[in-house]
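Each structure below is given as structure tokens.
There are two complexes below, and they share subunit A, which is joined by subunit B in the first and by subunit C in the second.
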Partner chain A sequence: MSMVALEGLRPWILQRLTAVYLLLYVFYALAYWLFFDTLTYVHWLAWLADDVNQILLSLFYLSMLIHAWVGIRDVLLDYIKPFLIKLLLLFGVALFLIGSGFWLLKILMMVQV
Partner chain B sequence: MMQYDSRPKYLNLFKIKLPVTGVISIFHRLTGILLFAFIPVSLYFLQLSVKDAASFQQLSVLMLSPLSRFFILLMLWSLVHHLITGLRFLLIDMEFFLSRQSSRASAWGVVIVEALVMVTVIAGLFL
Partner chain C sequence: MRFKIYRFNPETDKKPYIQEYKLDKIEPGMMLLDALKKIKEQDPSLGFRRSCGEGVCGSDGLNINGTNGLACITPLADLKSPVEINPLPGLPVIRDLIIDMDQFYKQYRYVKPYLTRKAPLPEVELKQSPEERDKLDGLYECVLCACCSTSCPSFWWNPDKFLGPAALLQAGRFLQDSRDQTQAERLEALDGPFKLFRCHTIMNCVQVCPKELNPTQAIGEIKKMMLKRTI
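Take a look at the complex of A and B:
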């Protein structure tokens, strides 16, 4: 198998693995949300302060950022022809996603019970 | 000389009649772009919900305004459509729904499940 054939395989697999995690996490979060009639600040903060929930939420955002990168990359590669514009847009999307990741870390560090 | 006159000069999107499988697929792409745009919105909401009790209260008030309800509904619909069609694509990777008949049937299945979920979501949020 040539390297060219492998090039599309990695994003393809990443897209599906992250999709499965995102799907499972949505059901996990839904099970929590549906448990409460009205969610109070105290309950919400306690849930976010839980180590397992923090790790699972971080993995959720990490999966989402990877999934969004592959997806938006595919969209840009499909529709944007001029090379320089395509490159700039891809660069902008990458910065946007990395920035979002750091923002999540900052928010998680704010969680104190 | 070859004659190209009968060929269309431009692509008219409104002349294309997509089958249901194509419609849910293009909306998977569209909702994916919307969800991408909603990433910072979700982080902003998360930040408000975490900061302190006052900002948590501020967020729950903010969510009641008609404009934010419209965007929350748009976000939820995007999520629901993207997840259900995505699940169908994963099943197609596992070699389900490969015949034209089962492909069409599963696409209509997606539409029906999506409609039921959205009715439940709207009932749960707004009634």
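Take a look at the complex of A and C:
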């Protein structure tokens, strides 16, 4: 993650690719729950237990974390001037996002059991 | 017509201040530069840059009623009175409306705004097809007035790291040139989080350019070239 802080093109591409995936997934999830299934706890649990849905949802969260990282990184690079504070904030944000990722993973694993 | 003009002389003033001037005789077709010249007759201490007076040299870039533009091609009839005139924002003021353009030129120099070749130069001129030449349209016309870069928030925040629209337009101009042979090196020099990628397509540059050029589009083309090179 910290390497991405020093690059220009790769984060820019990632931001766009993840945006496309986020949008497609939102359409997919909305379409599914609005047209094909009733949203109850039992249905939702069964849906999440499905391997394909687990992978798609994991990718959704991964995209969201990467997208958030590039976005917040851009704001920090724009506005925070002192190098040490910038580094500390970038590190903090990365830590928070990676932590959130692991937390999400834990929740998704629980569904499978 | 009334004018509110930014004044600052570092030798005598502690702080910048706004001075008001009045011109009674406004002739039809008068440009803002003509008004400034008349004001300078009233008060010879007022400092501003100007040269050609017809939008070719790019010397008289100013912030006019909040928007950057060239005084010599801005008709007084289009301006609301009182006309508020400030130096171009984001760069240090030397005196009154005269700014220090060092940082701007430094960024311009960084993109190597000249043809670079690996093969030795031929005895005859380097030829281009009309199609190759057409690619330079909308890029070569820049007069380096700095209206775009000094209207760009990304340039305000990081004038030392972000190259700014004017320099990037020139980077695009030489990347598009069929006679240039260092495209890969040029693109590499632009990668990194700051030089090019601080552009967030705010498009103030497009709005203010007195030559109606489109730096945002040029930056987009550079990004496309980078993308093509990585695939």
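Basically, the second predicted complex is superposed on the first by the 101 of 113 C-alpha atoms of A that agree within 3 Å, B and C clash if a C-alpha of one lies under 4 Å from a C-alpha of the other, contacts with A are read in each partner's own complex, and residues count from 1 in each chain.
Methods note: a residue touches a chain if its C-beta (ideal position, glycine included) is under 8 Å from a C-beta of that chain, and two chains touch if they have at least 3 such contacts.
Because the structure is predicted, anything quoted here is derived from the model rather than measured.
**Student:** Which partner, subunit B or subunit C, touches the larger number of subunit A residues?
**Tutor:** B
**Student:** Between subunit B (first) and subunit C (second), which does A:77 come into contact with in this model arrangement: first, second, both, or neither?
**Tutor:** second
**Student:** Contacts for A:41 in the overlay, against subunit B (first) and subunit C (second): which applies, first, second, both or neither?
**Tutor:** Touch partner of A:41: subunit B, not subunit C.
**Student:** Contacts for A:9 in the overlay, against subunit B (first) and subunit C (second): which applies, first, second, both or neither?
**Tutor:** The answer is second: A:9 touches subunit C but not subunit B.
**Student:** Could you list which residues of subunit A make contact with subunit B in one structure and with subunit C in the other?
**Tutor:** No residue of subunit A touches both subunit B and subunit C.
**Student:** In the complex of these two chains, what residues of subunit B are touching subunit A?
**Tutor:** Residues in contact with subunit A: 29, 32-33, 35-36, 39-40, 43, 46-47, 49-51, 53, 56-57, 79, 83, 86-87, 90, 93.
**Student:** Which positions of subunit A touch subunit C when the two form their complex?
**Tutor:** Listed in rising order, the residues of subunit A that touch subunit C are 5-9, 11-13, 73-74, 77-79.
**Student:** Can you name the residues of subunit A that touch subunit B in the complex?
**Tutor:** Going by the criterion above, the answer is residues 16, 19-20, 22-23, 26, 41, 44-45, 48, 64-65, 68, 71-72, 75, 96-97, 100, 103-104, 107, 110-111.
**Student:** Flag every residue of subunit C that touches subunit A in the complex, lowest number first.
**Tutor:** That would be residues 154, 157-158, 190-198, 200, 223, 226-227, 230 of subunit C.
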